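So that we are looking at the same thing, I have put the structure below in structure tokens.
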Amino acid sequence: MEHPLLISLLSPMVLAFVLGIIATLVKSDLKFPEELYTALTIYLLVAIGLKGGYKLSLSTFAEFWKPGMAAVLIGVSIPVWSYFILRYLGKFDVANAAALAAHYGSVSAVTFSEALAFHDNLKLTYEGYMPSLLTILEVPAILIAIFIARTSTQDKASQAGGASTKEVMRELLAGKSTLLLVGCLVIGLLAGKRGWDQVSPLFDVPFRGVLTLFLLEAGLVTGRRLGDLSKAGPFLFGFGIVMPVLHACIGIVLGKAAGLSMGGATILGVLAASASYIAAPAAVRVALPTASPTYYLTASLAITFPFNILIGLPLYHAIAQAIYAI
Amino acid sequence: MEHPLLISLLSPMVLAFVLGIIATLVKSDLKFPEELYTALTIYLLVAIGLKGGYKLSLSTFAEFWKPGMAAVLIGVSIPVWSYFILRYLGKFDVANAAALAAHYGSVSAVTFSEALAFHDNLKLTYEGYMPSLLTILEVPAILIAIFIARTSTQDKASQAGGASTKEVMRELLAGKSTLLLVGCLVIGLLAGKRGWDQVSPLFDVPFRGVLTLFLLEAGLVTGRRLGDLSKAGPFLFGFGIVMPVLHACIGIVLGKAAGLSMGGATILGVLAASASYIAAPAAVRVALPTASPTYYLTASLAITFPFNILIGLPLYHAIAQAIYAI
Amino acid sequence: MEHPLLISLLSPMVLAFVLGIIATLVKSDLKFPEELYTALTIYLLVAIGLKGGYKLSLSTFAEFWKPGMAAVLIGVSIPVWSYFILRYLGKFDVANAAALAAHYGSVSAVTFSEALAFHDNLKLTYEGYMPSLLTILEVPAILIAIFIARTSTQDKASQAGGASTKEVMRELLAGKSTLLLVGCLVIGLLAGKRGWDQVSPLFDVPFRGVLTLFLLEAGLVTGRRLGDLSKAGPFLFGFGIVMPVLHACIGIVLGKAAGLSMGGATILGVLAASASYIAAPAAVRVALPTASPTYYLTASLAITFPFNILIGLPLYHAIAQAIYAI
Amino acid sequence: MKTVLLKLVTIIIEDELESKLLSELLNLGATGYTVGTVRGKGLYAERESAWEGENSRIETLVSAEVADKIMAHLAAEYFPHFGAAAFVITAEVLRGEKYAG
Amino acid sequence: MKTVLLKLVTIIIEDELESKLLSELLNLGATGYTVGTVRGKGLYAERESAWEGENSRIETLVSAEVADKIMAHLAAEYFPHFGAAAFVITAEVLRGEKYAG
Amino acid sequence: MKTVLLKLVTIIIEDELESKLLSELLNLGATGYTVGTVRGKGLYAERESAWEGENSRIETLVSAEVADKIMAHLAAEYFPHFGAAAFVITAEVLRGEKYAG
């Protein structure tokens, strides 16, 4: 059998991501129209939600509640320690530390999908309800990070202009990605097998192909962000690689404790390791307007995302093997 | 077996429509780019046309002519009585009465597709050439309604600015939805089985999934229109529910008389019951500029469309069962 | 068996192209959003590249090198003689002659795809690595034509404003269509069968359907260009039909000499006969700004493209049969 | 570098009427135009999505005389019946003598 | 054909803030607006792709008085915290008395 | 709320040239820009669909001096060879001192 790293690096999705980066390096005129990007995002979220809901309809509460609790625990704690590390070790101001904490506490649906593809390629199984864990992990971290920012400063200036906590809450729960993920999860749950059979030819069969297109576009944006790496500074660079590995370990250990299969625990680890770049940036722009995209977008898109996709997946798989061998 | 109402309400398409409405109610930032909407519309019309043409190529003229005549009869008569009811019972002015009559006389391709899905889910058969009836029903009602408006008023002001009858005619026949439906019907007919086998992986297999996306978008627009319900008034609300039921009954009876199967007659009833929101609004904006979208879009999108999708389909199915039991 | 001409004319792709032309003739409001056009282009190039790479991964260098050399020969020589014919027989100025030579030396991915569909419909086989030949043929002719223009004139005015040769080179190699074709070819090659199985449900199965949509859009643009036919003049009209036939013959003969199957040789002929309308116009606009789109777009889109699609394919097939019968 | 003072006429109108109006503009003396797609809200109706139709935003650089003709044409033919807005701004135009007809 | 001199206020702002600002504009006395999608670069950050968010370009024709109110509102509520640009131009407006409130 | 009088330079140009021109604008002293996608027709050629290429509509708020430099640059480098239009309007700009360089 081939080495997992090779399988991961030679997947069309990862190669498309690399092609996107190359395209920006050679200053190609290749550009995805914004509407295509939006359409791809809608497709991915709907597809993940529907499939997750359908799979959840096949699970029992008894199987699900422990991994669900593990996800909640992860989503609640990552933003807290991330914030304090960034604020006091990284010397970031309140808004930037909170914005970064929100990104690393939340999750990336694309990294998640790559993780599933990676496991399928290795013919490793995992629990069908993993997309529900993705859904559970998306929002809480963002709320907590914003809440920390609001309370941990007397300094009115860094809050001014930002929306009220209630507004932010509504914004987040009604935000595109949460709404589509949760909404389609419920649709998948209610529509059951008959429903799934009707929509799976669009939302399941060609999913990997769409993911390939999306990663091409992700590569284009990442490539443009690479220039900002120097502005991000060495601390953030280290943070964007060390923390994911740490979070992945925590996710795998908690997953094992919650009774997940090795595949399921690895994927929970990947979720913990991944940084959001759809839900979190949108929320942060509104709630923490003084935070700088140069930090949070560069870190999540140009450091952590490629690291997870290129090196993280096989690494976390190896870590999981080690932990499950104990 | 499950109840038809449940099967209808729990289809992913209907649930997506409901999700779209919920999204606007919670003020979500979820929005489909206009280009995506246009792309989905093109897809649906091309797919319906191609499949209809292919199925028609399998039918004989002997089977088809009676249902075809029934469709013509429906398309010609609905706008007439609708106009007079709206004008004299509803006290609408000439332009608004005619605009509404055009919408209710024409048909909705999405409602039609939902009706097919509903029948497939119930494992009920229907004639393959139903899309041809959709095509027959689309244009005449709009022309007749505009013609009534032109002749039934001496009042120049309400016509001024509107295009000439000839222009309107050309506009309608060359209009996007007619052109794609008729054109692709002919393509499907000419290309036959070999052609269909080449395009069905795109235009048939994932059709329900695309319909789900489209209904999500339809829900978003409907949700925004709900606020206009009060402006539309109670008469229009009643009209938008009573007339579809009446038209469905007429369609089913005529369908039975024309020798259609119960499934086919129900679908003809659904066509009669449905109100246009692609072809008719475009034509009316140009031909009857003084008519108000608050009436015609609200009635067709926010009243009749959800009624048909949520309650109408199982209701018309029950009516058809009763009529075919006689 | 049906006649090849009929099979070609009655394919959904060709009929969709005709429908697009009809739509513009009847002044339909049917219009593809620009973003949809761009998305379809990206899809086609990625799909052709991935499949070509996968198929190439199944070939050996021994099979491939002779046809590859034949393609290089074609790509290098067509622009040279085309330029001199246009310049001295056609009396075009330097910029216009070179622009046209670039278009006819390069290739059309859509015509290529139609040629594959045509062969599949006739159940004729061809070598799997044909997309690699498409890739080889795309760029060189454009570079050579621009180089000729640069050197064959002392007249500074007709060069001024145009980019430097180095810039043009970079522009071309990093240009969207080259980058996607070459990049995805490499991805397909590296990802091999496992990769192909993951993406083929999106990039292979529904390919013909997407091609049908693209040809509908191509018909819309061609229809609008038809009005410029008179401005193009009789010489260009003749050029746009005679040269493709000539180039097809050369391609078929060279293909036979290189050991290709009859199907493969015909497709090489089609490549030689086809004129570019994605890569070449973009390059020419920047490198030869004084050349007029009325000539190069009208010739490639409104003359040669329909000729190849409607008459060329069965004609070249017949020519190949004759040549292979010798 | 020489500039000319011209009128920039901006018209916002329902997209169904765009192609008709554009050819009328050329007839009235405009030599070119630039068109973008916009959404909007006015006194008549909101046009926020493709279902409700979109608006086109048309700009044309013309002489003062042609600008007057265009505004008169709009006032007579379009404003009584259709959702529309139109305004005129003075602009210094490069190569403007070409547009002044 | 009668035109009125009004102020054309153009505002470029992050699209997340669009709907909030639009309703505020109506509250401040604007009777309509036209919105397009643009990309841009300023002192604050580049917005070149949907990942980075897009900008909205909002135009509203208003009386001089309302224009002042809008600019004051922007200066107080938006400019200190968000990427934005705003400017005012005088325009001759057809049917402009309708917008002057 | 303080406004400054600046020049709004609007340029319409083939999209292939957009990125080159934008970096030149920054070199000439512009501090930002806003770009939208438009279609158009001029003396040179119609650009109505993606096949034929699209136009970019670039706006930049600059000082009068920079505006002159930009117009001179366009007149020398772009107008002789490419489809393009450009014009200058005076605008009252919020936070404008930032753009005046």
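Chains: A, B, C, D, E and F, in written order; residue numbering restarts at 1 for each.
The rule we apply is simple: contacts are C-beta pairs under 8 Å (C-beta built on N, C-alpha and C of every residue); 3 or more make two chains touch, one makes a residue touch a chain.
Here the structure is a predicted model, which means the values were calculated and not measured.
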Average the CA atoms of each chain to get its centre, and name the chain whose centre is farthest from that of chain F.
B
I want to confirm something about chain D and chain E. Since they are copies of the same sequence, is their interface symmetric in residue numbering (over half shared, so same) or not (under half, so different)?
different
Weigh C-F against D-F on C-beta contact pairs and write down the one with more.
D-F
Averaged-CA centre spacing for the pair chain F and chain E, given as whole angstrom
20
Here the gap between chain A and chain B, centre to centre from mean Cα coordinates and rounded to Å, is 41
How many angstrom lie between the centres of chain A and chain E, each centre taken as the mean Cα position?
35
Give me the residues of chain F that touch two or more other chains.
16, 36-37, 89
On chain C, where are the residues touching two or more other chains?
29, 32-35, 38-39, 205-206, 282
Give every residue of chain A touching chain B within the complex, in rising order.
33-35, 38-39, 42-43, 46, 50, 170-171, 173-176, 179-180, 183-184, 186-188, 190-192, 194-196, 198-203, 205-206, 282
Can you list the chain F residues touching chain D in their complex?
10, 12, 36-43, 55, 57, 68, 71-72, 74-76, 79, 85-89
Listed in rising order, the residues of chain E that touch chain D in the complex are 1-3, 6, 8, 22, 31-36, 61, 89-96, 98
Footprint of chain C on chain A - complex, ascending:
7, 10-13, 15-16, 19, 22-23, 26-36, 39, 117, 121, 205-206, 208-210, 212-213, 216
Touch list for chain C against partner chain F, complex
32, 34, 37-38, 160-162, 220-221, 224, 277, 281-282, 285-286, 289-290, 292-294, 297, 301
